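Please find the structures below.
One chain, subunit A, links the two complexes that follow: it is found with subunit B in the first and with subunit C in the second.
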Partner chain A sequence: MAENPMAEFAAIFVEESGGRLTELKGAVEALAGNPALPAECEKARISSHTIRGMAAQMGYEDIAKVSKEVEMLFVELKKSGSAPSPDMVSGARDCAAALEKMFSVLASGTPPGIHPEILASRMQTLSAGIGAAK
Partner chain B sequence: MKILIVDDSKTMRLIIGRTLKELGHEIREAGNGREAITALKAETGWGLVMADWNMPEMNGLEMVIAVKAEEVFKPLPIMMVTTETEMSNIQKAMDAGAAGFIMKPFKKEAIQEKIAGLAAVAS
Partner chain C sequence: MFGFSKKKPKVLLVDDDGFMRTVLASYIPKDVFDVVTAKDGADGIAVAGKEEPSIIMLDANMPGKDGWETLSDLKADKKTAEIPVLMCTAVDDCGSLDRAFLAGAQGYITKPVNKEAFVKKINKTLGLEK
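The block that comes next holds the complex of A and B.
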């Protein structure tokens, strides 16, 4: 297997992404308590966006895929000016939990039991529902 | 060329910085738009600014507006580093005076090509 030319930045990525993931989880938990918090939606959008950008550049495609769909959910919510539904909060929470597991095993790939495609598809369906409801 | 990298992500600053150094450029770093303005004023000889969009304190668009408001920096090209989800915002940055953009994830060759393009326009 070809060596990832970004490997030298992996430790910094994990450390920084961990901080962004903490922000994402905090925002999602705040939204679970009260969905009508636009500032928390914005925190979730920015933290997932940053994780996604870094992961894509690092070549961590599964992390980029899942974080992109979390970002897109909050982009669509921002556009529509609506609050997340309980399903959306639950989806974002599951994605955050999956990202945490993926960060922990970056060196060995996506861990068993994590299905980025299924998570991404679920978030896409939730995002599409925001546009359809407008 | 002396290039200022403006990004709140340390990982991205390191990746972009390594790429630019490999291309023979001299780099400086700033973590947000406000730090960028300070860095630009502290030195001379700048050739390019490469800026992220989402940053705390002062975001990419606010930074472009602030830099272009300074007469001395009007000719300085600013390249936005972005993702496709921010494309709707890029036109705002271009309208404010940004010279171009590059999409993440990017390869070294893409940065080289963009910088060559900006140099050709400037000359």
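The block that comes next holds the complex of A and C.
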């Protein structure tokens, strides 16, 4: 372990989270083409869960907040056994794009134009809609 | 040297996330414990059988064989059934805590993981600390 473990963890975070974000984006794009793909929903759930866990461990609260709501959307979809609506895919896609921007400027905080609260709230509304429709 | 070397307790960390494996491994004092890791549930079962760890930290949410299935398999195998398992779950996933105990886990830790609490939990579970 390096003298400054946090610096080492941050480097590993960038490497690992980049791979997970690629998985998330790939799953969301696949769902945009065909929402009835449970395996892609599961990929999106697992990758967003992992990003959330890593970000929370590092104290990157905005990344954790956005990725958590993406995860929760896919948790609710899994519970209900339903496919994501176009709005849900669009929301997940916007979150993935925002996460990518946030990853690119980790050291300097959340970039201008990214509003984690609004993204999280939008995903919460979409998730709540799944429960209400049951 | 003719001194007796006392065998250190061995901690097995099972997590699909390489970042979390690295972080958790760094938290464990190496002068007290040996650490081995596994990258998923199936790997965890194989490493547990081979390395015979003193304790297993098992991530609940993994692709493929998840933590619950892995725990069930570990408890069903005579060779690994008695190894204490601590489940690692998200802090706001309350339902999974009950599930952990029902499935035979000795305890749990929540993510994000606090270093001091993590080491204390391992020590306590192994009877190294009151």
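By our rule, the second predicted complex is superposed on the first by the 126 of 134 C-alpha atoms of A that agree within 3 Å, B and C clash if a C-alpha of one lies under 4 Å from a C-alpha of the other, contacts with A are read in each partner's own complex, and residues count from 1 in each chain.
Heads up, the rule we're going with is that a contact is a pair of C-beta atoms (placed from the backbone, for glycine too) under 8 Å apart; a residue touches a chain by one contact, two chains touch by 3 or more.
Fair warning: this is a prediction, and the values are worked out from it, not measured in the lab.
Chemist: Label the relationship between subunit B and subunit C on subunit A in the superposed model as either fit or clash.
Modeler: With subunit A aligned, subunit B runs into subunit C, so clash.
Chemist: Using the touch definition from the top, say if A:Gly53 reaches subunit B (first), subunit C (second), both or neither.
Modeler: Both: A:Gly53 reaches subunit B and subunit C.
Chemist: On subunit A, which stretch or stretches are contacted by subunit B in one complex as well as by subunit C in the other?
Modeler: 9, 12-13, 16-17, 46, 49-50, 52-54, 56-57, 59.
Chemist: Note which residues of subunit B are touching subunit A in the complex, please.
Modeler: Contacts found on subunit B: 8-12, 14-15, 54, 83, 85, 104-106.
Chemist: Please give the residue numbers of subunit C that touch subunit A in the complex, ascending.
Modeler: Touching subunit A from subunit C are residues 16-20, 22-23, 26, 61-63, 90-91, 111-113.
Chemist: What residues on subunit A touch subunit C, complex-wise?
Modeler: 1, 5, 8-9, 12-13, 16-17, 42, 46, 49-50, 52-54, 56-57, 59
Chemist: Taking the complex as given, what residues does subunit A use to touch subunit B?
Modeler: Residues in contact with subunit B: 6, 9, 12-13, 16-17, 46, 49-50, 52-54, 56-59, 68, 71-72, 75.
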